[in-house]
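Each of the next two complexes has chain A plus one more chain, namely chain B in the first and chain C in the second.
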Partner chain A sequence: MKWFSGLLLLISVFLWQLLSWLGILPPYRIPSPLGILKGLSTLLVDGLPPGYLLHRHALESLLRVFYGFGIASALAIPLGIVMGWSKIIRAILTPFVEIVRPVPPLAWIPLAILWFGIGIKSAAFIIFLGAFFPILLNTISGVLMLDVRLIEATKVLGARETDILLKVLAPGALPSLWTGLRIGLGIGWMTVVAAEFTGVKSGYGLGYLIMIARDIQRPDQIVGGMIVIGFIGYFLDSILRRIESRLLEWM
Partner chain B sequence: MEPLLRLINIRKTFNSVKDQKVEAVDEISLEVWEGEFLCILGRSGCGKTTLLRMIAGLEPPTGGEIFLENQLIRGTDPNVGLIFQEFVLLPWRTVLGNIEFGLEVMGVDQAQRRRKAMEYIKIIELEGFEHQYPKELSGGMKQRVAIARAIICNPKILLMDEPFAALDAQTRFNMQKFLLSLWEKTGKTIFFVTHNVDEAVFLGQRLILLSSRPGKIISETKVDLDYPRDIHSMEFIRIRKEALQQLENN
Partner chain C sequence: MNLKRAKSLFMASAVLLMILTPLLGNPCAMQKVRLGYLQSDLHQLAAFVALEKGFFQQEGVQITIGGIFKAGPEEMTAFASRELDVGYVGEAPATVAVANKVADVKIVAQVNLEGSAIVVRKESGIRSLQDLAGKTAAVPGYAQVQDFLLRKALLQNTIPSRSVNVIIIKPPEMIPTLQTKQIDAFVAWEPYPAKAITKGIGEVLMYSGEIWPRHPCCVVVVDTQFLGKHPDVVRGLLRAHVKATHFIKGNFEEASKIGTKYTGMDLETVKLAMKSIVYEYVPDEEGLLEYVTFLNKLGTIKVEDPGEFVKRIIDVTHLHRVLKE
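Our next item is the complex of A and B:
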């Protein structure tokens, strides 16, 4: 099946190129694949703005994502386990979570800039908000879905509260938690680009790159940037899936 | 001699949906002696599981008291082991990891608990399966792991809640024989709950019959047959028939 989807991709790109050659897809609306490749190569070699090379843009965006995503995981996982474990804490905190959660991370940008200024901190904060809730909610549901008898069985074997938290709830919630991490990283990656649209005034970032390409009307470079974003997102998720198959081999 | 376990007037009522009280266990008093193999026999829903859960400290009784060696049971206690019907192994731990669990939370160091767990793997005849996950085991193997996991903590009494009910007939028979040999080897006190009359007569030195809703003791029978028991012997058939009749009449 893999070769088939590869083939399909190849055929579509070829068709796209063909339609561009025939003039059916005008380059000022959508550039041809070859044109995009050329745009990408200028991004790699000359950079945009000149001297700001593509890989540095990507690395800077990745750094922001890891920053925000890392903090989000570090807070959401323990909080999710505790909220799943304790009915009282869950009842107290759920309203807060449910009110803050629907606010789009992007709506926080003005506040983020007010608090952290323009730069990695405010971008990381926006990403944090995007990644935090999927991780939190999936961790909670992972704990809630656990078979109560597992907890009872370990209690009978002498497990104390901390044993149950660390040795039963945490590993037991892992499958669902991991899904939360994958969703959180995906949303974080989507948010970084959007955050860079408005939150970065100079320097590096794939979102920033696309904004400049728009300003100088280079659709080839716009789409080139979009493709890089897509590939990196895919790559990030495939890393998590790799780890997942190792981590959850017991399932 | 003092009994190992003493139940005094144990009652348990639950609040049902419409705030009605449902009596699950009614005034059960009994004594269990050290080294004994006791079978509690009753139909489904007679409160057997509730009774076990109270002894294991997972639920407090509504009335009455439970003593283990004159100590009032207030919560779970490593001295009381419990085996569930559905095995309940930690799916993310290997056979070895599951068996080690109790020692781990007790703070036994790794080398020592590994050594001890390997001993028990030999006892339950699962050599070669140490590093398998529960999903890779059959029902009978899972239950052996659960038994090893419980007895490695050296409990004074092992409570078993229909441990073989989920197994096919042949495996169940093998597990019954395995349990008897384990009991003979270790001398553990076993408190075995089942709805299966054959199983109870095959295993127990003493049978206690419970009525349904609420669970109440109907009778107590001593089974004075040598192990391994011949299920076709006259005496076996007679005890079995009597137990069946009593269950039907109550």
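Our next item is the complex of A and C:
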């Protein structure tokens, strides 16, 4: 099936190019694939602004995402296990979670700038907000889905609470938790672009790059940046999927 | 059953009609003009005055607001997608959009000259342009007028532009980032410099008029096709624009009050800001030429003959006709 989707992609790109050649898709609406390729090459070689090369833009965005995503995972997984495990804690914390969760991460941008400035911290904070809730909710539901009898059985066998938490709940919740990580990383990657739209101190970032390309009205470079974002997102997810299939083999 | 079918058929055709009506247009109705302008940009006060005082209507021009934008490039994108007929916009994004063939518009009038400033944080110790070396300064956009002004100022004082870390931040975020010491300076259009002063956060290092006296800034642009089809409407627009510009010069108090309404800023800030803006309706070809040359050198646009390009993008025939009346 893989060759088929590759073929389909190739055909659609060719069709797109054809429509551009025929003038049905004018360049000011959407640049042609060849035009985008040209735009991408200028981003790689000359950079935008000149001297600011594409790979540095991508690296700095990735760094911001790992920063925010790392903190989100470190906090959301333990909290999710505890909330899934204890009915009381769940009842106490759920209202807070459900009030903060619907607020889009981007709405926090003005506050993030005031609190953390325009460096990596504010972008990481926005990404943290985007990644935190999917990981938390999936961890909770992973714990809740566990067979209660399994836990009862370990209790009967004399397991302590900490053992149950670490040796039964955590691994048992892993499949759902992992889905949460994948969604969290995906949303984190999406929010980085918007987070960088407000400006970054270092002058690097894929979102920042797209903003500049728009400022100087270069759709080819805008779409070029979008394609890089898409491919990196796909690559990140495929890594997580690969680890997932290894990790869950025992199940 | 039949009744139900007839009913749904009626509904479907009603919906279809609703969708199609705007497409078909109504030839009998007066030509509605879709106007775009920038949010909180005091340079474009003439647009706010003309709207507020009904000058457009008096000239027989029916205006609908086609869009209010955060920055010029977005507004030019709206021209590209044929959402606007006329717009108050910065000369820079208009030039770049036309040169890069994203939008097809003509500059039919000037809106203002000057009206930007380099602002530094109070107690930052920055007293001169030389002090900016090694510091971080924000501009609203790469290759925009404010970016150009900063580069020009540095060049005039033989300071290498690389020695200043220039980053891009949209104007609404500039004052908070200056306050929290994320940046040391910013270059922006009014009323943001004035707001930084009245808030007690910043002070002006240099007004743009000191860097480049009477430099062009905002302009009125019209979609080229629209101009070809409705020159009379455009002349009506220009009459209203000229009238509004005169009104600002003659009625400072009332104009500043209209400014507060459209920018959401306080009266003190608006009055202070208006003092550094020159309201002017005649376009300046030489000023644009200097700017086009700069963009060419920067590589943002590729124009073979800047002189010819400037003549092509500026169309003052209608303005001159209106002024002769």
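Throughout what follows, the second predicted complex is superposed on the first by the 247 of 251 C-alpha atoms of A that agree within 3 Å, B and C clash if a C-alpha of one lies under 4 Å from a C-alpha of the other, contacts with A are read in each partner's own complex, and residues count from 1 in each chain.
Please note the rule applied: a residue touches a chain if its C-beta (ideal position, glycine included) is under 8 Å from a C-beta of that chain, and two chains touch if they have at least 3 such contacts.
Treat the numbers as computed from the prediction; the structure is a model and nothing was measured.
In the superposed model, A:153 lies in contact with chain B only, and not with chain C. Contacts of A:49 after superposition on the shared chain: chain C is touched, whereas chain B is not.
In the superposition on chain A, A:6 makes contact with neither chain B nor chain C. Shared-chain residue A:230: touches no atom of chain B or chain C.
Contacts of A:249 after superposition: chain B is touched, whereas chain C is not reached.
Of the two partner chains, neither chain B nor chain C is touched by A:104.
Touch criterion met: A:174 reaches chain B, while chain C stays clear of it.
Taken together, the two structures place no residue of chain A in contact with chain B in one case and with chain C in the other. Put simply, chain C touches chain A in their complex at residues 71, 73-74, 76-77, 80-81, 93, 96-97, 100-103, 136, 138, 141-144, 165, 167-170, 173, 176-177, 180-183, 298-301.
Within the complex, the chain A residues that touch chain C are 27-29, 46, 49-50, 110, 113-114, 117-119, 198-201, 203, 208, 211-212, 214-219. Note for the complex: chain A touches chain B at residues 147, 149-150, 152-160, 163, 167-168, 171-172, 174, 249-251.
Residue ranges on chain B touching chain A, taken from their complex, read 56-58, 76, 78, 80-82, 84, 86, 88, 90-93, 101-102, 104-106, 133-135, 149-150, 153.
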